[in-house]
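Two complexes follow with chain A in common, the first pairing it with chain B and the second with chain C.
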Partner chain A sequence: MGLREYIVRRIFQLLVTYWAFLTIIFVLFRVAPGDPTSMFVMDGLTGEQREREIARLGLDQPLHVQYVEYITQLLSGNFGTSFRYSEPVWDVLVVKFWNTILLMGTALIVAYILGITFGALLGWYRGKKVEKVGIVAGLVARSSPEFWTGIVLLSIFAFWLGWFPSGGMRSVGAEIGSFGERYFSADFVYHMVLPVLAGAIYYMATPLLLMRNTMMDILKADFIEVKKAEGLPERRILYRHAARNSILPIVTVAAIVSGTAIGGSLIIETVFNWPGMGREMIESVTYNDYPMAMGTFFLMGSVVIFMNFIADLAYVYLDPRVQYD
Partner chain B sequence: MEPSLGDGGDLTVAELDRNAETLDATDQASARSRLIESGKRTGSMLVDVFRDDRMGQAGLAILLVFALTGLFAPLVVPHEPTEINRGDDGTTLRLDAPSAEHPLGTTNMGRDVLSQLMVGARVSLIVGFLAAFMAVTIGVNVGLISGYYGGWVDDLLMRITDIAYGLPFLPFVIVLVFLMGPSLLSIIIVIALLLWRSTARVIRSQVLSHKQRPYVESAQAVGASNLRIMYRHILPNVLPLAFLYGAFSVAWAVIAEASIAFLGFGDPAMMSWGQMLFEAYTADAIRFAWWWVVPPGVSIMIMVMSVFFIGRTLERVTNPELRHAE
Partner chain C sequence: MTLLELDDLKTYYRTEDGWVQAADGINLELDENETLGLVGESGSGKTTVAKSLIKLLPDNAEIVDGEIRYKGADLTDLSMREIRNRIRWKEISMVPQNAMNGFDPVYTVGNQIVEAIQVHEPETSDAEAWGRARDLFDELGLDEDRVDDYPHQFSGGMAQRAMIALALAVKPSLILADEPTTALDVVIQDRILRTIEELQDEFDTAMIMITHDMSVVSESCDTIAVMYGGRLVEYADADTIIKNPRHPYTLGLRNAFPDITADDQELISIPGTPPDVVDPDEGCRFAPRCPFAEEECWEETPEPREFDDGHIVECHRADEAPLLREEAARKETWQQVAETEEPAQSPAGGASDD
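Up next is the complex of A and B:
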């Protein structure tokens, strides 16, 4: 099978997965929780008003008609009106979506830079004491749930040392201007340090341990011996030759992990009071705000599915030896 | 979060060839004894690998301590975990610092932290092991069937696996727990519902490589049924990998349960470590009551770590290269 055919097939699979995902949303939010009308029809209406409202929203239609209608609405970004905000879900979520992407994206970038660097060093210093310490540190980081890492960071840097704020995205009274002003201000970065650190520590373990393992394999390869025999400086061999060849598996994992990290935003944003999608989801579920819960779930799932797709593409693109199966 | 894996199949190539030579699939007794034998082989290999691995031993020891604590907690807790303790003057002991009477202090409701901590071990253990067991059982079966039959069966099962991968883990779990009600059972089921996916993929690729081996071909040649080949011949060979993924699944399930409880969706009737941290966090106690916050957090961390240690040791069974090297 050629590359082109593989990609076409993968796109077809993507569509199937996405369709299944939309169906799951329909089942979860429309069919499962008792009276499906509770989702769109507000309480406090009289019987007659309620029926008129049900008819207006098409909830008296047969299920398959509702299904088609529902998915069309989802795909056009029409998630209904939030019960809590009395605003369209989309309008509320657009801002929160970017807050989350910026936070988790930064955390992941930091995690991968640190993880790859230290992982390469650990592979290089194989069998030394440094390696043992590094591995244990990696395991500790991976064994601590994000909320625990977050709480520890809060206790030390916010409550004890007082270096960083304990939560939120900007200081009280800070002006909210344009998109650029909102995100490229010192105040924003200052608030972002601790939550980014919490995420980075948790997500660093995967690239760290993976990089070390691949490095160990690569360092056994003949061409490394040749480079050593050529008398190249160690640092140059490490970064120019060994590390470069070990990056491949990391890239694929990175795409998958960034999908998972979207789920992790639920916790980090709760701990640090970050006004993003994750915290919004927790609150909407707690307050029975079905349209909002559905909207966040839809967006998060879409990101995960998209990132998995990217991971597969990156894999075949980067590794010429790959077999398409 | 996938662990690194070598081709675990290499492990038993020599043994497999031997199996193929002596294969007599129509003979029930010999097949059974071979299964037992390979079971024993896996068993003795596990013992060997754990014997000279400090980390693995430490992991087992820690887990044993937690298991005993959870098992006997109701008998040995110094106070009832939900009891509101009062001081000598009759007032509620709110956020009391550690003392002889309350070695880990009290919560804002005057409850004994140590007692909650001991009882909390049970939830992590129950959820961790049951969810992991369910997930690995599903994953191994899906992987076996998918890899062995191939064709449309494989396509169908792998698309279902893709779909499971497409669901964001924690959000999905939260929504389902919310719909099903926050009971321990629904938390276990929901975690298992997504956790099987990684096991299924890895077992499938292992089965694919085993399918090409001579022992499977000769079993087919003498007319062994598909079920028999899958569960009697192939399964024992992928079992070490299933154990490895079992260990990782326990770790992820423990973290997932703690996260659910921390977000406030845990079983309100069962005190768990995640729940303790949820209450401490909501009461804003991380500022001043370290004795309420540190014990549950460290406990979760140590329990997950012990399982990872065991996983690292098991990894040497599936990846012999690691065994010789270290």
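Up next is the complex of A and C:
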């Protein structure tokens, strides 16, 4: 029982959350100002044509019918056709989705590796000069908005030193081939450096400061003294015991940070002209491309919900004391 | 053979108010395979003395004077690295007060025993180290398969046994046991103490048992050292301390614990609180709480005096012991201190906590 029951229950909670999330998107787009047909206004629709358009989109139906239709279509994987691209939303989104996941995923991994390592060190060197410098650096990184960090990086490394490109995902004229070629090329990595750095600097602060705080508590624990008495080398106590125990709360926060990072992709992708989901969301909302906007909302929300689910499961693995109830 | 000898050990803590003299001029001797009970209230300095041996002290602590002679070498001369590699666990290991919190919760107990073995004996293979961990469990009366359990899966008594297994992992010559049984109920306490005694003979290990519980030391210690306010106030073999104590503080401690053999016994507590030992003034540190304190006690720090056969007492009135013993058994004697404890009787400069 135990573990399996816990996972089943978590899956059930996941489904309920998902349903609530889908309903909120639906309501959000019905109450939002603006009109899908305004997308075609430039073509000079007459009143009659406009009504025909609304009927074609099914917007003349009562709300509950629209809602049922919406859920049915989503469940069958049909996200509709983008007004702007005249292509299925899903086809456009898949590409953008991977662009974002690779960018923000890399940024988060870098942020977590650095944040946890340095955070553990800061906790260990409590009261020393290193700690003070580290905390100030962490706070500065955390309080600087992402777009500002991005602009600073751009002006130093792109405009002044000219080491990295100022934006985009690949050089002009680069061949777009298969999935592998697209993402595992030197050109792609080269374009990715600055936006990843901007994200990593911003998202590093949370695990860094949190790690330091939990480290300070863990270092007061009795078992740390026993490990010292055992004559274990300091680095072993620091990483194998103290940091390993301090990592638990970081895992929970990782899910939340991943969520904000997915949201943060809006800003980083705009600053670095990165063709990802975040930028697509802003553009589709600006152009009243409703199917596309709903698609991006749906996908981003899904990532956040899924990350929370993963965090709960990871916690069971990391902390053997977790009770499955 | 003498294993350990403390010579005028002084371990002080630096604080904003001045030096806290947590261990002030401690002289002790411990033979191989001997068990020494270090007794005193919380804050008496007993833990400081024990932790000075392996330099497991907070950052603001300093061994300001004295020698710790262990197997012929002075431990105060060794660097942190030498202490860590050669002394800690390999020579002197430790059993903490609460075994449950003494284990890292995220690794199995076996894993932690194996870690200790392999850090000190890097040539040991995984299979061999795990085999030794299982043997130790067996030795302590635990099911061998429980090496794969996490600390939280053990009961308090079993965790304490597992902790003793960990302490014996690399066969130290000395174990520091800090209140090893305080967190356990009396029946388990008794069994653990007996197990410790058996293993001590088997592994040929000496022990310093830190406790405030007179009944524990009387049962399992060869010699007893009583500490008060950072000073060693009385030191003798267990029998002498239990039957013929000379220091008023020891008399008071004995009163505070029940003797099962005596019927109709009333427990008497020592009034007052342990002294604050930040840069203390001259005079006996126990004087403010002592029912027998005289003018001399307030003004002059007593020197340790030896009575027949190595019985060391640090008290001006130690030679009046038979009289004091009689008086100390009466509750009124101690009550009178409680009533008049406040300034009236304390001449200026007597108590350090002002």
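Assume the second predicted complex is superposed on the first by the 276 of 325 C-alpha atoms of A that agree within 3 Å, B and C clash if a C-alpha of one lies under 4 Å from a C-alpha of the other, contacts with A are read in each partner's own complex, and residues count from 1 in each chain.
Following the convention adopted for this analysis, a residue touches a chain if its C-beta (ideal position, glycine included) is under 8 Å from a C-beta of that chain, and two chains touch if they have at least 3 such contacts.
Since the structure is predicted, the reported quantities are computational estimates derived from the model, not experimental observations.
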Key: Broader residue contact with chain A after superposition on the shared chain, chain B or chain C   = B
Inquiry  = Taking the superposition on A as described, I'd like to know which of chain B and chain C A:297 touches: first, second, both or neither.
reply    = first
Inquiry  = Applying the document's definition of touch, where does A:154 land relative to chain B and chain C: first, second, both, or neither?
reply    = first
Message = With both complexes overlaid on chain A, does A:76 touch chain B (first), chain C (second), both or neither?
response = neither
Inquiry  = Quick one: is A:86 in contact with chain B, with chain C, with both, or with neither? Answer first, second, both or neither.
reply    = neither
Ask   = In the superposed arrangement, does A:145 touch chain B (first), chain C (second), both or neither?
value = first
Key: Intersection of the chain A residues that touch chain B with those that touch chain C   = none
Task = Please give the residue numbers of chain C that touch chain A in the complex, ascending.
result = 54, 56, 83-85, 87-90, 93-94, 96-98, 101-106, 115-116, 119-120, 150, 152, 166
Task = Flag every residue of chain B that touches chain A in the complex, lowest number first.
result = 1-2, 4, 159, 162-163, 165-172, 174-176, 178-179, 251, 255, 258-259, 262-265, 274, 277, 281, 286-287, 290, 293, 297, 300-302, 304-305, 308-309
Request  = Using the touch rule from the top, collect the residues of chain A that touch chain C in their complex.
outcome  = 221-223, 225-233, 236, 241, 244-245, 318-321
Residues of chain A defined as touching chain B within the complex = 13, 16-18, 20-21, 24, 28, 32-33, 139-140, 142-148, 151-152, 154-155, 159, 206, 209-210, 213-214, 253, 257, 259-260, 262-264, 266-267, 270-271, 281-282, 285-286, 293, 296-297, 300-301, 303-305, 308
